[in-house]
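A, B, C and D are the chain letters, set down in written order, and residue numbers restart from 1 in every chain.
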Amino acid sequence: MSTLASLRAEVCEANRGLARYGLACLTWGNVSGISPDREVVAIKPSGVPYDRLTPADIVLVAADGRVVEGSLRPSSDTPTHWILYQAFPSIGGITHTHSPYATMFAQARREIHCLGTTHADHFHGSIPVTRQLTPAEVEAGYEEATGHAIVERLRGLNPAALPAVLVAGHAPFCWGCSASESLKNAIALETVALMAYGTAMLAEPAKPTTLEPYILTKHHERKHGPSAYYGQS
Amino acid sequence: MSTLASLRAEVCEANRGLARYGLACLTWGNVSGISPDREVVAIKPSGVPYDRLTPADIVLVAADGRVVEGSLRPSSDTPTHWILYQAFPSIGGITHTHSPYATMFAQARREIHCLGTTHADHFHGSIPVTRQLTPAEVEAGYEEATGHAIVERLRGLNPAALPAVLVAGHAPFCWGCSASESLKNAIALETVALMAYGTAMLAEPAKPTTLEPYILTKHHERKHGPSAYYGQS
Amino acid sequence: MSTLASLRAEVCEANRGLARYGLACLTWGNVSGISPDREVVAIKPSGVPYDRLTPADIVLVAADGRVVEGSLRPSSDTPTHWILYQAFPSIGGITHTHSPYATMFAQARREIHCLGTTHADHFHGSIPVTRQLTPAEVEAGYEEATGHAIVERLRGLNPAALPAVLVAGHAPFCWGCSASESLKNAIALETVALMAYGTAMLAEPAKPTTLEPYILTKHHERKHGPSAYYGQS
Amino acid sequence: MSTLASLRAEVCEANRGLARYGLACLTWGNVSGISPDREVVAIKPSGVPYDRLTPADIVLVAADGRVVEGSLRPSSDTPTHWILYQAFPSIGGITHTHSPYATMFAQARREIHCLGTTHADHFHGSIPVTRQLTPAEVEAGYEEATGHAIVERLRGLNPAALPAVLVAGHAPFCWGCSASESLKNAIALETVALMAYGTAMLAEPAKPTTLEPYILTKHHERKHGPSAYYGQS
């Protein structure tokens, strides 16, 4: 299978995973992957239900928005994806969902603090929230402005160690080294958001205790650090 | 397939969707569709479980309540459906559910404010709540009165842009250009209600921030406006 | 099929429904049905998982606790069931679950008030909570005492119109004209409890509005009254 | 089948149960069982998805951490499991999950009090929370330190009657006489945590009433005591 064919297959499978893992209903989410030469992004076609998606439906789009291959219109969020790929050279896949608990935090415009090791295993610190867009930005190019707001918010942070963001009043974007890894981060984010939601309710009226920084680092390192010993080598 | 046969098939499939998407348990919900000439409404038979429903079970009912075709008794909510079809000429299908989160808001008699783009993609503004019926209205014709209260509450609003309402102390009614589109709006409403519920809990004791009006309009327009670019053309 | 064989089949199917509808995990619930002559109760064997249950496993038990037919030990809650059958001659089936939301109210020792028509369709008024048992009652015969506390709490109420109770610090018991109808009431109770839970959270710090009594009666009557017009005749 | 082969099969099946019962997503949990001679622990391989797990993948590990059989790397939590097996000679299996509601309590560093008979049937008293580890402990051997903190917290308690603990800022560990029994306790704990969560919300701002001690003991004894009459003999 050619590189692009296998990219399409992986992106198709990850998009189908959005429905299977309960991260998106109807057509509210999209996964993309970028080719190794970073010339084309493979992304979900707009408005097509997940259970009907085949690899042939996946659209290949160039950085200038031109459709390189595919007969369907790409996701309307494609410009946001491209801006992230250009700003974060280490990432290979992006998952955008409206998963309910992560979206609650995005709507409440509230960061998800690291309250436990489930969070620490995937995200090295709080999941940040973007600033709100201005009317002029929305007018001039809404999806591009969303991408730029994410990049702006991630400034000074390491996108490889913190592969998720909450777009204020909207929903999460997650990423990873590939389309399927970005999907895993989206699954992790939704569960972490559910746990953070419940922990906040149990702790009220106080704020829940943030995980000790040395446990946060320990858990993240045992999975992702140079001497990681989680998983198979 | 004749027009009425395909209407029945679509209405049957949408009613089965109520159970499949977790919008109704037992027999607590019904979907209908109206014929293109707006002479007959195809609706679920009363009290029949969703998994046993076949197109032949769907009942055809005229505006005066007469059963035009079908051997079963139509949903007891049929008069409510007919009143909506008469008041809103642009709609082609109606879905009534007791989906849990939307029903919580109906029971709390609290509007669902637009708190994010998931909401904005489907509903252009707050989901309104009807006034309570009087004892006299309940006595004279409960289901008709429910329909009239919905129409009264929607006065001055655009039912095509706001395809849902919460009946106070009862549950939601959603609509759309067809039976299957009304089901999609009911799926969207339930998820939006879940998200609004959680956002309210996270924001307490304050009220959650309502989505900026220019984002609300942008999201609704990119999906439903004259220059919509979401989905396939 | 003989009367007792068909009773066993129905009771088996209703017990399997406990798992299918998410009302009981592991072996935390049991359904029974009484024979038309009210001589034997067919009930789940104790501690047997739902997915392995066959009609042959269902145990037939007489009023004095004697096993009339079946090689397995009956549910340890059998004495509670028998006391309800003796006190409420109109009922033919009983479902006991530990379904999560109904159990939350039982644990909070808080009635489930009628907040909407979903409740009104099944239960004519608040779901009551039993008083706590004394140490002496627990010592003398725990399961019998549980039955007597339910009967005591239902005094002055109509068990046919109010087919559920919450045992304080324990969980719900539901009943109906047959085993399968009692299961339906348990499904309804769990959903009603979830909705009441969320409505209470949305209404805080105030109490949620109770459904107007004339709507409560209207909904209950259109389904269960002498001129009921819900369902098929 | 040899003893070790059947241990592996049981441990494999219990690990697959983590996903089937919604106790772990991705690869966030592990079940182990110890051989009758307490020489080897059979445990999940690290980072392998549940649906691909076969008995041949299960790793056999000695007390000193040496892999006795199996080509995969064992779970990184293996040292924690071994410390529990050494401290609690009566247990035969351990289940570690990140199930959402139990984890919320672990993150809130709040015990789960016994609020009802669902809890009493499985756990004789509050589910305790460990103290936080120090930076030095995390540095010197994180997984061993986690095991020692659990053993320290259980001091003076009976692990057979209280087969679960919450690791502060982390998640639960459950145990039982076998791998499959430890899984059942993990299922029970998650449901009990959900119920305790909701009961706390319904009772606020007060604390929910703890179950009367004589009911707690009665329920636990009728299932686990010397004269137990729950289940089949």
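We adopt the following convention: a residue touches a chain if its C-beta (ideal position, glycine included) is under 8 Å from a C-beta of that chain, and two chains touch if they have at least 3 such contacts.
Everything numeric in this text was worked out from a predicted model, so none of it was measured.
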item	value
Chain copies touching (chain C, chain D) - same or different residues, decided at half shared	different
Reference chain C; chain at largest CA-centroid distance	A
Centre-to-centre distance between chain D and chain C (centres being mean Cα positions), rounded to whole Å	32
Separation of chain B from chain D, taking each centre as the mean of its C-alpha atoms, in whole Å	45
Overlap residues in chain D, where contacts from two or more other chains coincide	201
In the complex, chain C residues that touch chain B	21, 115-118, 121, 184, 187-188, 191, 194-196, 198-199, 201-203, 208-209, 211-212, 214-215, 218, 222, 229-233
Contact footprint of chain C on chain B as seen in their complex	25-28, 45-48, 72-73, 76, 98, 100-101, 103-110, 132-133, 135, 138-139, 142, 169-171, 197, 200-201
